[in-house]
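Two complexes follow with chain A in common, the first pairing it with chain B and the second with chain C.
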Partner chain A sequence: MERLGEKMQLSSVFQAGGLNYALISDTETNKTIISELPLTLSEEFGALLRGSGAKPGSPLVLEASGRVEGYGVFEFPYGPVSWGVPEAGAFSLMTYGERVLKVVPRLNFKKRGIERAVLGRTPEDALLFVERSAGNFSAAYSTCFAAAVEDSLGLEVPSEARWTRAVALELERIHNHLYVFGRLAEAASQNIAATQAHALRERVLRLNSRHFGHRYLFGINSIGGVSRGLPKDERRTLTTEVRLIGREFSELVQYFLSSRIFLDRLQGTAKLTRKDALGLGTVGPSARGSGVQWDDRLTFPLEPYEDIYVNLETEDGEDTMARTMVRVKEVESSTIALRELLDRMPSDGTKSGPHRRRADSLGAGFSFCRVESPSGDLIQAVQLDGGGRVGSLHVRPPSLVNWLPFARSLEGTVFTDFQFAFESFGLSFADSDR
Partner chain B sequence: MIPAYLISGLLFGTLALFGAGFALGLFAKKAAYVLGGVGSALGVALSLIALTSGRTVSIDLWLVNSTSHAQLQVSSLNAYFLLISSLVWLGTCLYSVRYDDDYPNSLSSLLLLTILSMVIVLVSGDAFTFLIGWESMTIASFFMILEGKGDKEGVRNAAYLFLAFGEGSSVLIMLSFAGLFSAAGTFSFMGPAARVVTPLGPWIFVTALLGFGLKMGLAPFHMSEWLPIAHSSAPSNASALLSSTLTLMGVYGIIDVVSHLGGYQLWWGWLALTVGGVSALLGALFSSVSEHSKGLPAYSTIENNGMIVVAIGVYLIATYYRLTFLADFALVAALFHAFSHSVSKASLFLLNGWMSKLRGTFDLTSANPVPAGGVRGVGAIGIFTALSLAAVPPLAGFVSEWMILEALFQSFRFGDLASQILGALVGAVVALAAGIMVVTMTKVYGFGILWPKRIAAPGEKGGGYIEGGLAYFAALIVAVGVAAPGVFYLASQAASRMLGANPYGLFVTGLLGVPAPFVILSGSPFGGFSPTFTALAFLSILMVTLAVAGAVRARPPRFGLRVRRTPGWFAGAALADDSSAMYNSFGYSTPIRVMLRFLFRTKESVVQVGPVQRTVIRSPEEYVVDLEVLDVFKKFYDVLAKWALGLSAYTSRKVMPGKLGLYIVYIMAALVFVLTYILLTAG
Partner chain C sequence: MWDMPKIWVFRGLKKGILTTAYPKSQPTSEEVPTASLPPRPTDAVDWSAGERGCPTGAIDSGGKRVDLGRCVYCRLCSSAGFTFDDGSGSRAGALQAGLTGRHAAGARRIFGRSLHVMMIDVGSCNACNLEVLNLSNPYYDLSRLGIAFTNSPKHADALIVVGALNPAMVDALKMTYESMPEPKLVLSVGACAISGGIFRSAEGFVSPVGDAIPVDVVVPGCPPSPVQILEGLLLAAGRLKETGAMR
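The block that comes next holds the complex of A and B.
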């Protein structure tokens, strides 16, 4: 516990069997460590990491820095109903005009209490709640929850189902990255690039709809498998489509890289140093943009990711440009991964057999899972009660931990950089409020 | 025909009333202000009579040398400036009856002494009387600044800085007068006198421009204007006097000296255009980032005086090229702008002074509330001042700024490419400055008057004098704008001495159904504008709006519009109890500070206070942030002051070691030198 810090990141805390546990990511050896947590520390981090202490309607205030004072300094309320804040969320900006001195995100305007709502429900019912936590990250949420439940039930899930889940995850990654790219282009008033990116994203959403039955991949997962497999001919058309989209996107990126106006708005904007990125526990493309080498697909690999090639995309720029380039490169590596996934997908069925119980190291029916969502590391810890119903659920959404790095990166910038920082972190209020 | 004794009688009456006010002020300040007000009213009457009759009346006092008398003189040019000043003094005296409550009696006395000196400056007919008035004006103002309520050190520094610049100005003016004397052979050259063409012309012009420019706060001497007023937090009636009429004396001086010179050279015009343009831009920029309710208008004065000098520059170049029409128009524009600026600026100082008194601070950023009783009506009156200085039609400021810009637009008529380019550039700069002033006036009106929270607590009240003074100025501002042809007539009358004829008939006409004399032309053929009919148009739009609103409200509820009232909100959350916690005047202009940091030398610093208690992911440090702008020229003067101090320390150590014998030797040597010089040059 003393070694917690930049190298050893505390990623989540949760309760199981009356004890507090800490989920720690060792960024040097890329290991996930589960450790019992002293009570004092658990209080300090509990509210911050889980955000579950706050009730619906009462804002959760995240402060990354201390008090700021000085001549002319005032607190500017931004959101929840302001232009430029895309969801119901708010910020308090400390400023003396123009210069952003401190940003305090105010969350929980969208609190739905998913973690409480699922208690006492069957895992199948709970899955419907969980995958609706954040529509953009639905595949990641449902895969994570299903995998955790399957793990605690000891279910043997067929490989084809796991590979199909991976296909959904990669499609979700692509459509999210395209969305972020489009939003950044919008922020820079690059209207053609924005429209192109959104059009490409729409094509991915339509692929989702055609092959999985839902644009945002709701309902694809079930406990023990997937609700629908991908027949051979569908795999082939999907491969072609994805390759086409990937190619068009790389053309778009070439245009983007030649626009000085666009690049000027991204380069050097909202810097997050590697030290801060590690110290504040940043996850996902935002962390990789600051040179942190962590990707759950490689560091906590679920089934297909051990067998296929996924490149770890990082950048050293530490700025909005670096975070954007990580996402751009991930679109490319995801299309490559998709081709491999679709090409080598095994055919052993999409449903598991009857449930078989398995003893677990952390207590009966308890397990956790980490999934690399488009915006980063998603952690869920599930405990099933004696009747096979959900006894407790802890979700550590990727957006929740990224608020503080986002706030830190904005310190010292000007108002007009706000939009770029916000979009490049891929933050979602729905995700962190759940 | 107006008899001369009427004019001289009024003049002596005015002087006597101000003199009596000066003496009385030591014992009864309210009575002194009343005397001052009556004196100003006499001054208004005197100058109106002199202006309309076009008579010049000289009163010889005593003989100075074989060719010159010390004399008082009333002519159309100085009567015009006396009219402007008297109008300002009248309102200031009315306001001061109430405002002066918490200042010592000496302030009223000094205020009237300053006014008396200014009258002497204006009506002097010779260099000596002028300089006597000029010096006593500077010294009286110096003591007035010392009455300021800032911190002691700051007030003293500001007052001495004012004195230093004032004396520098006097020296330059003396040098200029010396040149005029050697060319004209007499000291009695103030007031109407023949034009002289002399090889000393450049010398006379440049020293006059610098000397009077020092008083007007032109760049690079603009510190002389803002610093004494801002740093000393001088009394507001004094500030109004300093910034409005004292700088007006500088305008008068430049125009008067120029009127005695002939044979203008092209580069004089270039110099005036450049100095004026730079002053206008710097003044506007610094004004927009000033958070001091006195400093902001003081910087704005620099901007306006810069515009006046630009108009004089156009006059000089146009005269050089014999563009009579343009030269006439530019000169009248300069005179007109002097009028509209003086009344608007005095009004702004008085307005800000009252608001600062209610808020208890000169800081526009402050969140201090004001008692609602004290500001009743002030906001409605003040809007005219702010709009006039922001040059919104049809008010005073718009008419004169329109005239100056129109004059600059016609720089294509100049005979050489360099003048044309310079004219166009300065035109762009002046237009930019005028644009920035809109932002500045929005700020001073918004954050100075509308923003402070109004509380019901009992507090200071204007007692009619404050509101009366401000309403008087508002009426004046509207009148100068709406009755622009009348003011145009007076300004033309003032300019007629320099131009040889009254140009009024050339510019004022009727056009497109607007009857004569309500259209002001800016060239032939060029632009035209009717402030009066613009005002009428605005008024009728307002009336229609009010009529519609009234009609809607008067209808039975079934047809009428419902009025729904909801609590205020901001960004989806309830409005903060105190709006100044959400935004302030400093934040309003910080974008300019940040964007133009190369000009403002903006320094931003983040100072961490307290220990850092760093936990794993939280670091509750405490920061103090600071953003300040620096007037680069102040740095220059700081260095200069350091050198001067070093030099005087050196001198006192080495040259004047405190030995009485040495001093006597110095004095003897100086006497011998002067006597020798006189002996050699006499005869």
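The block that comes next holds the complex of A and C.
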């Protein structure tokens, strides 16, 4: 385990049958390893990964290594009511003049307690809660939960449903990446650029509502399938629309990349070294921007992802620019993946068994699943009780583990870089608090 | 090929007008998607045929009354015979914002054609927040109606509250409301803010927003689409007649 932090990343910790298990991602062999908890975790990191312990109303303060005090050091409280971050969450920014010395995220201002609220409910009812954990990652949440429950029950799921879920996941990725792009432009006061990016995102949302019945993809999944399939003629129109959106986005990116003012704000801003990215458990485009080779679509492939081509997009710039470019490239690779998904989606009613062979279920009735949400690796572990109701649910949201890397990346930068770092990590308080 | 100079203004002009015609005419089915249509009971409703019942208790046991403030638009009631779309393509019935009893008359005279709006999140899933932010994109462009977002309660005429009220946000919500200058309007946007929505049984839910501060307008939805939020804003500012037409 001495390699933890170099090649391996501790992704989550959860309890099953009275034992603590660690879920480890091996970035060298691309394997997910489950073992009994091998090491004593630092109090804070452990609390982060376990997560579900905190009660609503009690704050979770991520004070990684003490406070900074001294002459001229000023603690600037930011949030929970602010417009810069349009969500309820707060930070303590310790500054010396313009320089940021330390950032302490304060979470749980909006903890609804999803993990406790679903206990004793049927998986179908629990799905309504799970998909409302984070509205912008709803498809990832519901797909992850449904897949874990299906594994637990040993259900056979129509292949077509699994492919449809993947289409929803990719559309969700595109609209989230466009949001990040638009917000970055807003932060740089590139107002025309920002409205263009948001307009493009609105087109994706309308596409969602036309083909899946909901702008944020609520209610698309059910246990054992999807609530609404994609008929063949819809697949064709969706392919055309996606191609147009992809083309327009590439054009938009050309405009962005020709603006020196915009690039100057991104390049070299909020650096996160590869070592920190691994050691702090960073996930998603933020980790890939620091050269970490991990994408659940490739390293923990659920059904359609083994059959279609997805490129692992990484950058080694370690800064805001690198994280943004990973997202830009992912929009492009998602449009390519969507074309293939829609083109080759089976509709002959074949069914496939549970993913269990890959998901290494932990004994009877316990299973976990990993899904690459737009901001990174989402892990859920579900245990069903005897009556087929939810006995325990463990959620490890992507935003939760990205707070510490975000805080680390801001150390030593200046105050005005805050917005760029925040948006480029794609952080959501709703996601981390759940 | 010759590299065109990349000038945003030309690109913007080339795109034409994307903005919705609402409120001059009724919104289209693109602007208010089917998912935002409320369930309507028909004679064919047999609630006992539905397998699970209404998850938020929005529909009473007889299946005749729907409390939209509680509805999360999950459409599970379709199995019991509820319909959503009347097939006419008209979205007139989809605009659901409603005034509460305390909304003062004369808002039109007080606020005129200008309204400064602030949003506060008290425990949402982020979908309502994003729909409120979407109001400023070119498809909805609320600045054409003289409505602008502000980031301080001291400058705000109206407060949009989203999310299920969390114990950690009760004081923040009250302080924000108190620091707004009189006269002030409050909109409760989304099922979570109005009634707790799906989270009304969750630990992190204290009470409906209306129990903590006075609310003028409710906008049901999960999440309500931007046009529906816009309707709520216009209603709050006294710029809509009850029928939905521009005053």
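Some points to look at:
Rule of thumb we're sticking to: the second predicted complex is superposed on the first by the 402 of 434 C-alpha atoms of A that agree within 3 Å, B and C clash if a C-alpha of one lies under 4 Å from a C-alpha of the other, contacts with A are read in each partner's own complex, and residues count from 1 in each chain.
By definition in this document, a residue touches a chain if its C-beta (ideal position, glycine included) is under 8 Å from a C-beta of that chain, and two chains touch if they have at least 3 such contacts.
As the structure is a computational prediction, the values presented were derived from the model and not from experiment.
By the document's definition of touching, of the two partners only chain C reaches A:Asn108; chain B does not. Annotation for chain A, partner touching more residues between chain B and chain C: C.
Of the two partner chains placed by the overlay, only chain B lies in contact with A:Leu280; chain C stays clear of it. Legend: residue contacts after superposition of the two complexes on their common chain; A:Ile379 is shown touching neither chain B nor chain C.
Of the two partner chains placed by superposition, A:Leu155 touches none, neither chain B nor chain C. Shared-chain residue A:Val414: touches chain B; no touch with chain C.
Shared-chain residue A:Pro77: touches chain B; no touch with chain C.
Shared-chain residue A:Leu184: touches no atom of chain B or chain C. Residue contacts after overlaying the shared chain place A:Leu207 against neither chain B nor chain C.
In the three-chain superposition model, chain A touches both chain B and chain C at residues 80-82.
Of all residues in chain A, those touching chain C in their complex are 55-59, 80-84, 86-88, 108-114, 116-117, 122, 124-125, 128-129, 132-136, 138, 179, 190, 192-193, 195-196, 198-199, 201-202, 205-206, 209-210, 213-216, 218-219, 254-255, 258-259, 428-431. Across the complex, chain A meets chain B through its residues 4-5, 10, 44-45, 48, 63-82, 90, 95-99, 101-102, 279-281, 404, 412, 414. Taken in their complex, chain C has these residues touching chain A: 6, 8-9, 11-12, 15, 18, 30, 33-35, 52, 55, 72-75, 118-134, 136-139, 149-151, 153, 163-164, 166-169, 172, 176, 197-199, 201-205, 222-223, 225. Residues 291, 365, 570-573, 576, 580-584, 586-591, 593-594, 604, 606, 610, 615-627 of chain B are the ones that touch chain A when the two sit in their complex.
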